[in-house]
Every structure is written in C-alpha cells, then in structure tokens.
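In the two assemblies presented below, subunit A is common to both, partnered first by subunit B and then by subunit C.
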Partner chain A sequence: MTRCAEAITVFALAIGAQYPIIHLGRSWLFFWLIPYPSERGIWPNFRSPLVWDFFAISTYLTGSLTFLLLPIIPDWAMVRDRATGLRKRIYTVLALGWRGTPREWHRLEVAMRIMAVTILPVAVSVHTIVSWDFAMAPVPMWHSTVFGPYFVAGAIFSGIAALIIAMALVRKALHLEEYLKPLHFDNLGKLLLVMSLLWIYFIFAERLTVWYGNQPAEMAAFWSIQRGKFAVLFWTMICCNFLIPFPILAIKKLRTIAGTVIASSTIVVGMWLERFLIVVPPLEHKYLPYDWGSYRPTWVEITITVGTFMGMILLYVLFAKFVPIISIWELKGGQHAKPIAEQANATVNLAAQRLDSTLPSTSS
Partner chain B sequence: MIAIYGLFPDANSARRALTALRAACSRFHLNPKAIVIMSSEPLEEEGFGWEEERTLMPWLAPLGALVGAGVGYALSAFTQRSYPLPTGGMPIVAMWPTGIIMYELMMLGAILTTIVAFVIATGLPNYKKRLYDPEVTNGKILVGVSELDSACRAELEQLLYQDGAEQVKEFSTYRKYKNRFQVTT
Partner chain C sequence: MAHRWGMVVDLDRCTGCEACVAACHAENNIATVGADQAARGRTMHWIHVERYWEGEFPNIRARFQPVLCQQCDAAPCEPVCPTYASYHNSEGLNAQVYNRCIGTRYCANACPYTVRYFNWFNPAWDKPLQLQLNPDVSVREVGVMEKCTFCNQRILAGEIKAKAANRELQDGEVKPACVQSCPPTAMVFGDLNDPNSQVSRMSRSVRATTLLAEVGTLPKVTYLERESSHGDE
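So, the complex of A and B:
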C-alpha cells in the first residue's frame, strides 16, 4: 500500500512541478525560477512564496523519490533473478548489485526509518507553503490564517481518495485480491471519513469568519460562490466531499470496496472543484472593483488539464507495469510475523510450565 | 576468490550452520568476517545480523540537517544582502522567509545525507562479480565462507550439509575454476 501511495505522490508532484513552467508562457526561460542571480544581476526575492515553493517542492520530490526507490531495490533484485535477456540487464542495473546481506538489510531499514521521520514534516511544509502562495496575497478570501492546515487536510483527504481508487484498479487489473484485502479498504475508508469531517469543519470555519467579517470585497466573492454563478459548483463540491461520502463511509455495511471507491471518486471530483473555487471566484472579485471580471477556460487550458490527468494515469500504469506495485520483501516479513508471534507464545508457555514445575519444589 | 556456501530452507537451519561455522573458525583458520549470510528478507528478528547494528547513519542525518540549515541561511542571507530590496526600515535579511528556506534545506540536508550514508554503508552500486545465488530470492538463506582455504573444503561442505543445507555450492571469481567446480554467476 505504501508503494501505491508513494507512486501517486511522486507522479503528482512531478506533474505539479511542470505547472509553473507551463504558466510561464515562455517556458524556455524556466531556469529563471531557479534561485540564482541572472545575467542582469537580479537575485531572486527570498520573501516571495514562489521561491519557497521551489525549495519545498524540490525537497519533497527528492524525499518522496528516495522513499519510493529505496525499498524497491530488493524487489528489483528479485525481478533481476527471474528475468531474462534485455530485461535482466535492465533490472541488474536497477538492482545496484543488491545481494541481501544482513548489513544491506540493516542499512536499508535504518534509511527507511530516517526517511519516514523526515518525509512527514516535509509533506506538511510543502502543502502549507503551497497554501501560502494564496494566503500571502491581498486577495479576498485568500488572506487567511486557516489556509495552511486547510491545505494540509485537503491534501491528505484527496490523497487517500486517490489511493483507494488506484488500489482498487491495481487490485482488479493485476489480480492482487490476496494482498489488497477488504480490510485495507475498510481502514482507509475510516480514515477518509475522519478527513471528510475535518474538511467540512475547515470549510465551515473559513466561511463563517468571512461572513462574520462582512467586508464588501470578501462578501462579493463569498456570495458569488454561495449563491451566485459558482453556486452550482460549490454545492456540487459539498455533495461530493461530504454529503455523498459521509453516509457511505459512516455505515459499516456500505464501507465495502465498491463503497469506498464510489466515495473516493466523488471526493476526487469534489477536491478538484474546491481548488477551482479557491482560485477563480476570488480573482474575479479583487479589492478594487474596476479589476473585476469573469473567467472562462480556453481550449488550451482544458487541453492542459486533460493532459495532466492522462499523464498521471500513463505514469501510474507504466509504474505498475515495470515495478512490483506491492513491496514483496515487506510482505514476506509480514507473513512471517505470525509464526514469530506463535513462537514467542510457545516460548512464554514453556517458561510458564517450567516455572510451575519449579514452584512446588521450592515451596516444599 | 573461492567461496563455499550452503542454501538453507529456513532460518533455524541457517542459524545452526552459522553457529557451527563460527565455532569452527579457529579449526579451519577462517576469518569470522569471511562468513557470509544472504536472504530475501531482513532476518534481524531471527537473530541474524545483530553484529551489523552499529551504524552512524542515525547520527549523520541530523548532522546533514544542521549543515542544510546553515546552507539555507547562508544562501538566503547572502542573496538578500547582495540585492537589497527597499524594506522601509525593516531588516534586509528577514528571518521569517529565511527560516522557511532554512527549514526546507535542513530537511533536504537530512535526506541527502541519508542517501549518501546508505550508499557508502552498503557499498551499492556494485556490479562486480561477487558471491551470490539467485536461489536467495526464492526464499533460500545463503550461509557460506567467502575466503576459502581449499584444504578444508570437504569438511566445510560436510558441516553445511549436517546443519540442514539443501545444496552446497562453490563460487569462484577465477576463470580457471569454472570447469572444476559448480560455478554460480
């Protein structure tokens, strides 16, 4: 499951990192995003959240890629030993000469532990910094302190939903029913339920604060979302992210594989709408009314969006094709956990028997 | 290098062979470091590899993090001083944004140090011909001796079989041995 999730993270980040380049217009000048002094002697402004983005995304991508690739090395070694011809050569290079000595296993596990500790704070920081791209700007409904945790919660929420869909598809396509069990979907469904509640709480807190403040520019954006031209999208978002998934995930009988996939599918749609509603309506209603306008996506933007989704699917399918999507060696370790527990129980019982046999003799 | 090794079906028989090999080190003039174990999964819980547990990796990562944070401060402070923006009396080197860069580079420092430490500690990548058997990935546990004195070959083979080895094989990096022994590449 970890590998399924990490692959989503890495591919989503890789695609997301292309967006600043796409939005540049003159994409051949992408290196201006990199913090170095240009030929005009202009240094990047470290007070700009866009520069923070560069560092946050680079760190997160490096960390996620490492967290994804390190545990794949033993699995690549396994594939290397079974493959023939060109495939064997390729996997021999990828396996890096892994043999499975105690030293290699121990160092791998230490590295994985360090990465597990490191990647979580980086994940929180990267989503917070992306939220600060908005929150640092004086735009109605963006300049909010709640944006940091709101974005972190949103990322976890949509991430779990995407993971459930990916797991269900992989399970069906690669016949992994024995490994990805209903229990996994049930547990992820519970987590999704918690995140759905957290998400609706954030939405309520954010909107209540804006409504209570009653500032004209903010209220213009607020009402355009609540009951104006974006109302359909807003209420669809509420249905997709809360009203539909909540009962499905809350009722145990409905929290099946099919149920969690349906809930996740609506959540992915809802979270996309949420991002659209964060970006577009406030930009249409900035503080100065002469700046107000309306937005309609062009065919170029629609094509880029569709291309992004297709790109994500293509990368994931290729990954599932060429890499063991489930960590084989971790699975083996999990299978051995039961006999070890049984062995421990047997040892404890034996010790207890010996103790019992010695007690009467000492008392007598 | 000539090596002899046995392939064991489970951890118990492999552990027995390992104990026997260690006990026989002085008898066969073996270097204890020449005893090799390989498996398709970590066997620390089974009592293998406890001697490998000492590593500086958990200490190097925080050290890398500190260096990363220092680089983050140096980069942002140097940049802000090199191209001072009008700040209306506020500090040129602003600590809030500098703190964010420091944090990100601190984490990057920890990650990169971990990668480098892992690569150095495991000696990977290594594409040289080394003692290995593909049966390891089929679940067999390899226990053997890598620097073998050919005089004690037969006794070691017997010892490995006695402790439950399913197969005992020989491995050599020398070409001349290719026809003499069963060579696994």
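So, the complex of A and C:
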C-alpha cells in the first residue's frame, strides 16, 4: 500500500514539477533558479516564493524517490535471482548488488525509519510553499493566511482519493484481492471522510472571512465564484468534495470498495475544480475593473493538460508492470518487518516462492 | 543628490485622447498583437487610459485615468522575481532587465495595477513600420516581461547631455514620450528629490491621491483628483 501511494506521489510530483517550467516564457532557462556560481554573476532571488518552491519541490522529489526506491531493492534482488536473459541483466543493475546480508537489512531498516520521519515535514513544507506562491502576492483572494494549511489538507485529501482509485484498479488488474482487502478500503475511506470534513471546514472558514471582510477588490472575485459565471463550477466542487462523498463515506454500509472508489472519483474531479477556482477567478478580478478579463483555455493548454493526465496514467501502469506494486518482503514479514536479519531474509525467500505465480512482472 | 523620478497626472486635464498610448508605442518599440490576441488580454500598452462611467444616465460622465507603471517604492513585483529581472534601480525606478527575465510572469500576478506585460510572441512590424523603430530602445524577445520604464533612455540621454555641459539637469528637461505628447499637458514628470520641481510642488496639492493607496505600494505616480464634482459642469 505504501508503494502504491509513494508511486503516485513521485509521478504526480514529477509531472507537477514540469508545469512551472512549461509555464515559463523562456523554459530553456529554468535552471537560472538554481544557485550556482554563474557567468551572470548573480544568485537567484531568495525572497521569491518561486525559488522556495524550486527547493521545496526538488527536496520532496528526491525524498519521495528515495522513499519509493529503497524498499524496492530487496524485491528487485529477488526478481534478479529468478529471472534469466536480458531481464536478469536489467534487474541486476536495479538491485544495486543487494545480497541480503544482516548488515544490509539493518541499514535498510534504519534508512527507512529516517525517511519515514523526514518525509512528513518535507511534505507539509512543499504543499505550504506551493500555497505561498499564491498567498505571497497581493492578489485579492490569494493573499490569505489560511492558504498554507488549506493546501496541505487539500493535498492529503486528493492524495488519498487518488490512492483509493489506483489501489482498486491495481487490485482488479493484477488480481491482488488477497492482499488489498476491503478492510484497507474501509480504513482509507474513514481517513477520506475526515479529510472531506476538514476540507469543507477550511473552505467555509475562508469564504466566510472574505465575505465579512467585504473588501471591494476581494468581493469582485468572491461573487464571480459564488454566484457569477464560476458559480456552476463552485457548487459542482462542493458536491464533488463534500455532498456526494460525505454520505457514502459516513455510512458504514456504503463504505465498500465500490463506494470509496465512487467517492474518490468525485473528489479527484472536485479538487481539480478547486485549483481552477483558486487560479482563474482572482486573476480575472484584480483591483482595477478596467483590467478585468475573461479567461478561456487555448487548444495548447487543453492538450498539455490532457497529455499530463495521460502521462500520469502511463507512468503508473509501467510502474505496476515492472515493479512489484505490493512490497513482497514487507508483506511476508508482517506490516512491520522484524529487525532480525535472518528472519527477514528467510521471509523474502518464502514470499518469493509464494508470490512468484501471482506477479505478472516476474513471471511470463 | 540622486534623482528620484516621479510623475503627476492631473485628471481634470485628461481628455482620454490616448495620444500618450500612441507616443509610448512609438518611443518604446512596443509591438501590437492583433485583434485575436487582444481579446485574450495580451495587449502591451505600457500606458493605457482607463475609462470609467460615473453617475447614472442622463447624469453621466466619463472619467479618464491614464494608468502606467506606478514605479512603486514598495513594489510587489520586485521581491517575487526569482532572477532579479525586476529590481529597484538607484533612481527609484522599477527596472526590468530583459536578459535576466525567464518569464515566470509572477511579477504580472503580483502587480495590483496590471501594468506588466508578457511577450507571447516575438515582436514583428509590418513593412515599412520597422523603419520607425527607436534605436535607443531594445526590442524584447518572446517569453520576457516588459513594462513602462519612465522612458529611461530619455532620462539617461538628458543626464549625459547635462554632464557633458557640466551642469545640473534642469527641471522639465527630460520628458517621457507620454508627457511630451499630452495635448492638454495633463502629465508632469520630474525629480521628486527636488522640492522645487514642478512635479514635487504638484504632488503636494490638496487634490493629490495615489492609485490603490490601500495596497501599500508607495507609488511615485500621483493623481490629482478632479475638482469639479459630479454633475456641476
């Protein structure tokens, strides 16, 4: 399950990180955000939230990738030991010479413990800093103190939803019914329920504060969202993120695999709408009414958006094809692998034998 | 003493003729984008005249307000630029270094006055319009931001001329294209560090206001509010 989730993080981040670069006027110069002694004789501007963003995203990507790849090493080693031909050569490289000695198991465990603790503050910081890209600019509706926690909650919310969908698909496609049980979906559903409540609380708090503040510049953007041309999108978002998933997730009978997948699907749509409503209406309604505009996407923008959606799916499918999507050694060692190396080693061998036939990536 | 360039716009005098807009385009080699792109809000008028209607029909009156970069002392566009393309120069101007700009467009989002413009395309001029390009102003390439410079090229030329003649720059000697071309002389440009300059004296007027003062940007463009209130013309 961790691996299902971490793969989503890494691929979503890898694709998401391309967007600021796609968005640049001179994309080929994106590396000017990196502080290095350049011929231009100038550092990046550390006051700019975009520079913070650059560091936050690269740190998070490095951390997530490490967190994803470290525990795959024993699994790849297992595949290496059982494969032949070209496949063996590839997995030999990927396994990084893993032999399964006690010292290796010990180091892996220490590393995983460190990573599990470090990745949390990094995750919080990256979503906060992304929100600060908005909040640090004096744009009506963006310049808000609630944006940091709001974005962190939104990221966890949509992340769990994506995870539930991915798990259900992987479960069906790779016949992992034995390993991804309804209980998993039930528990994730409860977490999703909590996040849905937290999300509706945040959006209520944000909207009410703006409404009572009654700043003319903010109210223009506010009303365009609440009852102007964005109202349909706004209320669709409320339905998708709260009104539909809340009863499904709150009623125990409905919190089945199918139920959580339906709730997650509406949430993923709703959270995309949320981002759209954060970006577009405030920029259309900045301070001077003369400059108010109307945004409509070009075919280039639509193509890029669809392309990255498809890219995400492609990366995930390829990952599930070439990597054991459920960690074999962790599964057989129990949820928390025993620190005793021999035991873990034996577990791996046992698990490998049992699972060899169930994993299409290692057989066929 | 260093200069601190500022401007005063007398809204009582502005007729909304947009001569300033045309002069600015000609002086600063600003490309036009065509009707389709203009409909997407991609025009690049460094100065534009905002027209608002005051009152209800038939008691209605147009209000013309030329808006250009306010050259803020606390400019929101400056701290957000990751590459220092947008920075504060020694004479208080919000300078834009085109060669440093990578086109994040963050400055355009941060600017409350919406006076920073993005080059969606490489600039092009229909023949023979390329012959009227100003050799003192660089042409901007696709992907960079551009904005009003207070006609920095004219300021520099004036300073060089004064230095060559071994004298101080006179008040009113340097005029940006918009100021020079304004038929009713609604705009005045000068050094705010000189308490006796015309721009300093006018900016101390009781009618003096700044645009969006509540945002706290400390603009160096001052607007003189209209004296004749609505309906008693």
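Rule of thumb we're sticking to: the second predicted complex is superposed on the first by the 326 of 364 C-alpha atoms of A that agree within 3 Å, B and C clash if a C-alpha of one lies under 4 Å from a C-alpha of the other, contacts with A are read in each partner's own complex, and residues count from 1 in each chain.
Going forward, a contact is a pair of C-beta atoms (placed from the backbone, for glycine too) under 8 Å apart; a residue touches a chain by one contact, two chains touch by 3 or more.
From a predicted model like this one, the values you see are computed outputs, not experimental measurements.
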Given the superposition on subunit A, are subunit B and subunit C in a clash or a fit?
fit
Could you tell me if A:Ile267 is touching subunit B, subunit C, both of them or neither one (first, second, both, neither)?
neither
Based on the superposed arrangement, let me know which partner A:Ile225 touches: subunit B (first), subunit C (second), both, or neither?
neither
Once the shared chain is lined up, is A:Val130 touching subunit B (first), subunit C (second), both, or neither of them?
neither
So in the superposed three-chain picture, is A:Trp32 touching just subunit B, just subunit C, both, or none of them (first/second/both/neither)?
second
Have a look and say if subunit B or subunit C is in touch with more residues of subunit A.
B
Have a look at where A:Pro44 lands relative to subunit B and subunit C in the superposition and call it first, second, both or neither.
both
Quick one: is A:Leu193 in contact with subunit B, with subunit C, with both, or with neither? Answer first, second, both or neither.
neither
Please work out how little space separates the C-alpha atoms of subunit B and subunit C at their nearest point after superposition, in whole Å.
6
Do subunit B and subunit C touch any of the same residues on subunit A, and if so, which?
42, 44-45, 47, 51
In their shared complex, at which residues does subunit B touch subunit A?
36-45, 48-49, 51-53, 55, 57-58, 61, 72, 75-76, 79-80, 82-83, 85, 94, 97-98, 100-101, 103-105, 107-108, 110-112, 114-115, 117-118, 121-122, 124-128, 130-132, 134, 136-139
Per the touch rule above, subunit A residues touching subunit B in the complex are 35, 37, 41-47, 51-52, 55-56, 58-59, 62-63, 66, 70, 73-74, 77-78, 81-82, 92-93, 96-111, 113-115, 118, 121-122, 125, 129, 329, 332-333, 336, 340
In the complex formed with subunit C, which residues of subunit A make contact?
20, 23-27, 29-30, 32-33, 40, 42, 44-45, 47-51, 54, 133, 136-139, 283, 286-291, 293-294, 296
In the complex, subunit C residues that touch subunit A
40-41, 48, 50-52, 67, 76, 79-84, 100-106, 109-110, 112-114, 118-119, 142-145, 211-212, 215
